[in-house]
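Chain nomenclature is as follows: A, B, C, D and E, assigned in order of appearance, with residue numbering initiated at 1 for each chain independently.
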Amino acid sequence: MEINWSSVIGIVATPVIAFIVGVLYGGAVRKITARVQNRYGPPITQNLFDIIKLYSKKTAIQHGVMQHLGPVFAITASVTSLYFIPVIKDSPYFQNFSFNGDLIFLLYMMVFGSLGMALGAGQTGNPNSAIGVSRGLSQMVGYEIPFVLALVAIMIQFKTTSLNELLAVQDHFTNWIIFQSPLAFVAGILAFLGMMHYAPFDVVIAPAEIASGPPSEFGGKYLGLMMTSGSIFAFVKLVLFVDIFLGGASDFITLIIKTFLLYMIPVLTGIVSPRFRTEQSILFFWKWPTFIGILAIIVVVLNG
Amino acid sequence: MREKETTLYLGPQHPGITGNMMVKLKVAGDTVVKAETHVGYLHRAFEKLMEQRTWMQSFPIVCRICVPEPDPNEENLARAVEEIEGREVPERAKYIRVMALELSRLAAYMLWMGGQSGGLGLYTAPQWSVGDRDYILDLFEELTGGRIYHMYIWAGGVRRDLPDGFKERVLKTMDYFESRLPEYDKLIFDNAIFKKRTIGIGVIDKEKALEWGVVGPPLRGCGIKHDVRIDEPYEIYDKLEFEVPTVEGGDIYARAMVRRREMEQSISMIRQVLDKMPGGPVYNKVPNPLNWYVPKGDAYVKTESARGEFGYYAVSDGSLKPRRVHVRGPAYVHGVSLLERILVGANISDVSPIMNSLGVCPPEIER
Amino acid sequence: MYNDKDAKKIVDIIQSYARKHSLWVVAYGTGCGAIEIPPTMTSRYDAERFGIRGSATPRQADVLLITGYLAVKTLKRVIRTYEQMQAPKFVMGFGSCTINGGMYWDSYNTINALDRYLPVDVFINGCMPRPEAVISGFIKLQQLISEGKAEGAEKYLKNLEWYRENQNKVIPNWNMPDYNW
Amino acid sequence: MEELKIEKEIAEEISKTFHSAEVTVKREKRVVVKLRDDLITPFLSYAKNNMNFIHLAHISCVDWLEDNKFELIYSLLNYDNKVMILAKTYIDRENPEFVSHTNYWDQAETYEREMREMYGINFKGNKRLTEFILEDWQGIPPMRRDFDTVKFSQDTFYNRPGRENAQDVRTTVTKKSGEEIPEIGKDYTVRNL
Amino acid sequence: MAFDIKGIISPFNALKQFGKTPHTVKYPYTKKEAAERYRGFHFNDLEECIGCGTCATICQNKAIDMIEIEGIETTTGDSGLRPRVDNGRCCWCALCVEVCPTGSLSLTKDYLHVTDDPDSFLWTPGVDNPDGEKIKSWVSDVEHSLLDYQRIPMRELEGKERVKSFAEVVLGYSEEEAREEAARCIGCGLCTDNCPVHMHIPEYINAIASGHYDDAVRLIYDNNPLGETCGKVCTRRCEDICAVSKRGEPIAIRWLKRFATETAANKEIIAEIVEPEILPPNGHKVAIIGAGPSGLTAAYYLAMRGFDVTIFESKAHAGGMIMYGIPKYRLPLDSIDKQVEYMKSIGVKIQYNTKVGTDITFDELHKNFEAVFVGIGFEVPYSIGIEGENAEGSIQAVNYLREINSERNIDIGDKVVVIGGGNVAIDAARVSRRFGADVTILYRRRVEDMPADWEEIEGAEDEGVHIKTQAIPLENILDENGRVKAIKYANAEMIPDPDGGRPRPKIIEGDEHVMEVTTVIGAIGQEADYSFFSEDIKEKIEIKRGRIVVNDLQQTSVPWLFAGGDISNRRADAISAVADGYRAVKGIEKYILEKS
């Protein structure tokens, strides 16, 4: 069997790059937030220090095997999702495993991570974790609907479930789906706000209400794993949205610019918003974004 | 269908709790069925300690009763002794006291604003307001020598006169605060999500409020005009022009708006005080504190703090030390019986905002 | 080229550097010193510059701040909080009250010397310590960490009996709401 | 005299209704009523229902160890004229018992809980006289004047050593002069502060 | 709910802050200076501090200890101790600063102490921060201090009123005044060191401040049976070193003692208050020569201890110098009587008009008594040593005062000159004023050199006594009848003493004046009359500069012979005499017990 070396390099490098970019993005967000809050904030590498520190904790409490598996599930899910997203358009290194049905697969994969977390957190027995998990799952139900609707609209419009094909469609910036299907984009981006768990949709970790929710009982390397997976996962979501709506990126600089700008939407919203209550959050997604999503489908169907 | 009840302990170690106390919640789903407050984590036995100390020695410890806002405590103890002893306070000292009280009210509201919006997840607001509050602490440091614990107001007046150029610096800070208030409005009080989270939440019934002994902003948030500063004007409040804002509704937002408007009033009052302040001494010396025998008698004095009416009941038996000083903080009622009642039926996400809006301050519950 | 020892050394350096620059503080305002924590953490003094951050639960935290006096009732919870934290963990004592009782030296409900009940890595003087002093305390802690001297957790384990004896002297019973985790 | 009009009217009404009550107008907006212990409940009920004193500001207790009495003080406020009544009574210090007023005011529960804990007064009718502030307290209620908090603290909590070389100024001076101070006036000397 | 577009958009305004420079204080890279009044660590000026320990007393946290510091000795007016602050207790309330009587203690801007060693929080201000002076921030001056530096003024008769009679000039404190004045006391007790008797000053002042006057009286009678006398005429060395006097007026210790003792109106009440514990008679007999302050004191405490005491007094009244030397407007007769009567009531026997040497011999005393205490005082005046001193119209102040106090009148005319600057001179002058004379005091040195109390000098001036200083009398000019008609004196200038002593007056040549007078009163000192001693005793005892040399317990070289009062100490005041008497009691007791 012939080994595709470029794919191998990609497989190894993609998570590493995703992690580094995710971590640095995390640091940048903290820095930007700090500036809005009239202060300097931590160094941009702060999240890296945090993660290293968590890994180097000498003890880590463990409540059962599921708690151990939870973060592992999460990190597996995010890395797997990553593998199915073409990070750099047309690059032999970063195509990874994207195939024709990958959008559907991704939808499942992204939920899988959260479920793993939920199982892990559930085992800790901390009521805060339990409440956090139930909140997370209900909220997921909330934002998945407009997200799926947006994707469905796009799938119908372009008659494909492959990211690569979607990327191929967007060969010029006027052809970006954001311009071709603005309603789907609006629905998608609103769902994206929820997905990124920034305020007002940070009901899952809500410190003032349920300590920090699911990870309440996680310390040391488990929390480190969760932070790692979180960093990668943030990157996954960003790349996914860039690929779907913003025409992907054919080189790293474009990728960084696009993802960063996209990232700023939830971040800046988060800086100036309080948190919704869980049911308010779900209702929010079920009202406008869902309506827009349905509208997008209707428009597509009518146009099609 | 009745959901399974679980018990949720909010505190004492919990980011959502104000201070160091615990609320034991019986929760069905997301709704609180029963709330029970547990206090005592900050009990230092102030009242016992005051019985061990002379009147003057009590001043450094009373300001610790309420950490965010120490001045009303000093003011209360000072006025209680002065009433028992019949001691006059110089006019200028009264003005300075009112200035300190209003500055501390402003500082307490800034801290509350941070707590209230931080509890709701708006993390920018505490960063701003607590940072800005520091400018008031700077003023206090300059005036009293201490950032948090001032030990400035005491029997017979205040400890020191204003430092040089202090008036200008206060005015400058007030200008700064006034320029900042619209920005807070835009970020917090006009914020649609903030309104969504606060309007109609934690409602106190108007009739019940009177009977339960609610005081301060929570009462004024029910539309009842009750404020010690106008009911029983102490120091020079009768010489100042100010209004006591009331808002109908009785919910978190109404209480927030009361506080928001009072901040404007406080700024205006500080300006007036500085404007009208007469000259003269600031301290009517009490006898040597080692040999200060306060005559027999008792006094109940009240001060309007940022959280409501602060009452002190002091009894002297003619000796060096107080016989009894009973501290009745506003949070005593708010934090125990009122909280337990209005938490019932609330969503667990709202527990922390409700506590914040009532101004629950554990150190003054257990003292 | 290199041996295991060198590698371990490098790892140690990286670890202690990361530990130093990422100190998560458990959100537990045990006493009146907690009032100076918000100014320290927020925009005016911005402790996040040093990687100091609040953390909601003890499991995630590195540093336990004992902000002043401890009522016996709180001490019980603080000990539990401390034991829930993951090593390496550090304790900072704020103000006079943690050193020799402070102004509550004669109160029947507050302990006097914190280091009898918990291993304290850094004491900060003041009543209350100003934000500058608090930051200095953290800098001192960072220094101790890089010197490898902040070994409170190990000390606690090693002398657990002594600590327990002292704790039991003031805490008549250990009943607490029983969490099942 | 005109300025104390409302207060005097209130005082008059009280003394008309409760003949044994000792009513004094202390100052503006303060009326002090001294009552027999069995009259407190009727008085509070009357003040609340007939005189519109609906706000219970606080219940306080003073320990008069020398007289072997506890003094209870109920403060009521009228929201309309903002006058405050302090109703005082004495109860026995041995086996102290009093009536609970939780049925008049909900918040009385908290005050009574605290007084039970701090002074050991049993309020009959209060259903929630549980542990409030203290936890596992053994010994006499701490706010009683015969409880010595300094001694308790010294016995229970550890005082850091290193201060033993402290000297007393008075003793140092007497050591030099050879004065012998007789044992008089220990209860008021400033050195005992 | 309507779609709140404003509420959604307006929060984004906050993002404008992104462009602004943060207002963060980049501590520790940028330092923020503490405020001018910041209450940080203590600083103590070790030189200024007198170790009164008030800071330790006021501290509600018991954070301050007084400790010995190397290089600082216990001296009179300085306990030699210095405060050490336990920063593990301190709350920086600065109460200690506000009550520091000297103002040596202050707080500084320094507040940083971060350590891993919990035992490093003991802080000796001034020793641990010797350069704290520069960053002093919270200081307490007289205006802001919690202490009251103003004495409650003593009410007195007006100068014009006074000269009309011998009514007591000082009216005494009322109860409120006394309590207020007593409240000023910080109770440090440094004063007791300078009191010859070491009275329990802080304790009795405290008792007065708290209204326990009986306790005050009891404390005073504990080591001074002539408390009331001392309350009126004491030279009050205690007030000289009062801690409060460092920055203000000392506590009026004398007037407070006077107030306390006067609350006991007669001997029964005194006895009731003091409740003297009189031991049963032990059979030992002691003789005391002279019913002056030292003799009376010795007699009182010996009687309390069960000794059989007899006082031999040459005059008709007990009291000695306080009876015959001090004018009645300062010390009324009934006050002395009250105290003497009280002493008699507990068993002191006094034989009046019995002069040892004439009425009874000294050897007889020795034979009949186991120990003898001599407290005869100085009664023989020094001569001035000028021409015409013995002429008519030239008298000695002691004699003059004795005659007046014995209610015998002496015609002094209308123009009197008193020579001398001590209390006796002032007394003589003021007594003369009361007879309507125009009085001038001639004194060799300056007013500030006068040994008399400043209060006395002021009182004399109030009453219209002229004080002519730097005037040295040269000669009494006599008229044809041999009576003094004028005095010649010369003005003097002050020559500084090269050895550092006090400056000496030197006559300015030619600057001589003559003043017409009717009487010249000499008051430049007295000496004792030891003629009653038998020769062998005289040989055995050691007399130095006119005074008998005694040991710590007032014992002379003759074991059974004790001496006290003016004849053994140089201070020449009542309180020293009392002290001698008090010490002699111990000496006598020890001697007798050892002997038997």
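Here is the rule we go by: contacts are C-beta pairs under 8 Å (C-beta built on N, C-alpha and C of every residue); 3 or more make two chains touch, one makes a residue touch a chain.
Since the structure is predicted, the reported quantities are computational estimates derived from the model, not experimental observations.
Enquirer: Can you list every chain in contact with both subunit A and subunit C?
Expert: B, E
Enquirer: From subunit A, count the fewest steps through touching chains until subunit D is reached.
Expert: The distance in steps between these two chains is 2.
Enquirer: Which chain's C-alpha centroid is most distant from that of subunit A?
Expert: E
Enquirer: Using only Cα atoms to place each chain's centre, name the chain farthest from subunit B.
Expert: Here the answer is chain E, farthest from subunit B.
Enquirer: Could you say which chain's mean Cα position falls nearest to the mean Cα position of the entire protein shown?
Expert: Centre-most chain by C-alpha means: B.
Enquirer: Per the centroid of Cα atoms for each chain, what is the distance between subunit A and subunit B, given in Å?
Expert: The computed centroid separation for subunit A versus subunit B comes out at 44 Å.
Enquirer: Taking each chain's centre as its mean C-alpha position, how far apart are subunit C and subunit E in Å?
Expert: Distance between chain centres, rounded to whole Å: 58 Å.
Enquirer: Please work out the Cα centroid separation of subunit B and subunit D, and write it as a whole number of Å.
Expert: Going by mean C-alpha positions, subunit B sits 23 Å from subunit D.
Enquirer: What are the residue numbers in subunit A that touch two or more other chains?
Expert: In subunit A, 34, 36-40, 128, 207, 211, 271-273 touch at least two other chains.
Enquirer: On subunit E, where are the residues touching two or more other chains?
Expert: Only 11, 14, 17, 22-24, 26, 34, 57-58, 60, 86, 88, 91-92, 118, 186-187, 206, 209-210 qualify.
Enquirer: Residues of subunit D that contact two or more other chains, please.
Expert: Those would be 134-135, 142, 147, 149-150, 160, 188, 190, 193.
Enquirer: Could you run through all the chain pairs that touch each other?
Expert: Applying the touch criterion to every chain pair yields A-B, A-C, A-E, B-C, B-D, B-E, C-D, C-E, D-E.
Enquirer: Residues of subunit D touching subunit B in their complex?
Expert: Against subunit B, subunit D makes touches at 27-30, 54-58, 60-63, 73, 75, 79, 82, 84, 86, 105-107, 109-110, 132-135, 142-143, 145, 147, 149-150, 188, 190, 193.
Enquirer: In their shared complex, at which residues does subunit A touch subunit E?
Expert: So the residues of subunit A in touch with subunit E come to 32, 34-40, 268, 271-273.
Enquirer: Given the complex with subunit B, which residues does subunit E contribute to the contact?
Expert: 1, 4, 6-8, 10-11, 13-14, 17, 23, 34-39, 54, 57-58, 60, 91-95, 98-99, 107, 137-138, 144, 146-148, 179-180, 182-187, 206, 209-211
Enquirer: Which residues of subunit E touch subunit D in the complex?
Expert: Residues in contact with subunit D: 51-53, 56-58, 65-68, 74, 79-81, 84, 86, 88, 118-119, 122, 186-190, 192-193, 198, 200, 202-203, 206-207, 209-210, 212, 215, 218-219, 222.
Enquirer: Okay, in this complex, where on subunit B does subunit D touch?
Expert: Those in contact with subunit D are residues 39-40, 43, 45, 47-49, 51-54, 57, 83, 210-213, 224, 226, 231-232, 290-291, 300, 309, 311, 313, 315, 320, 323-324, 326, 328, 332-333, 336-338, 341, 366.
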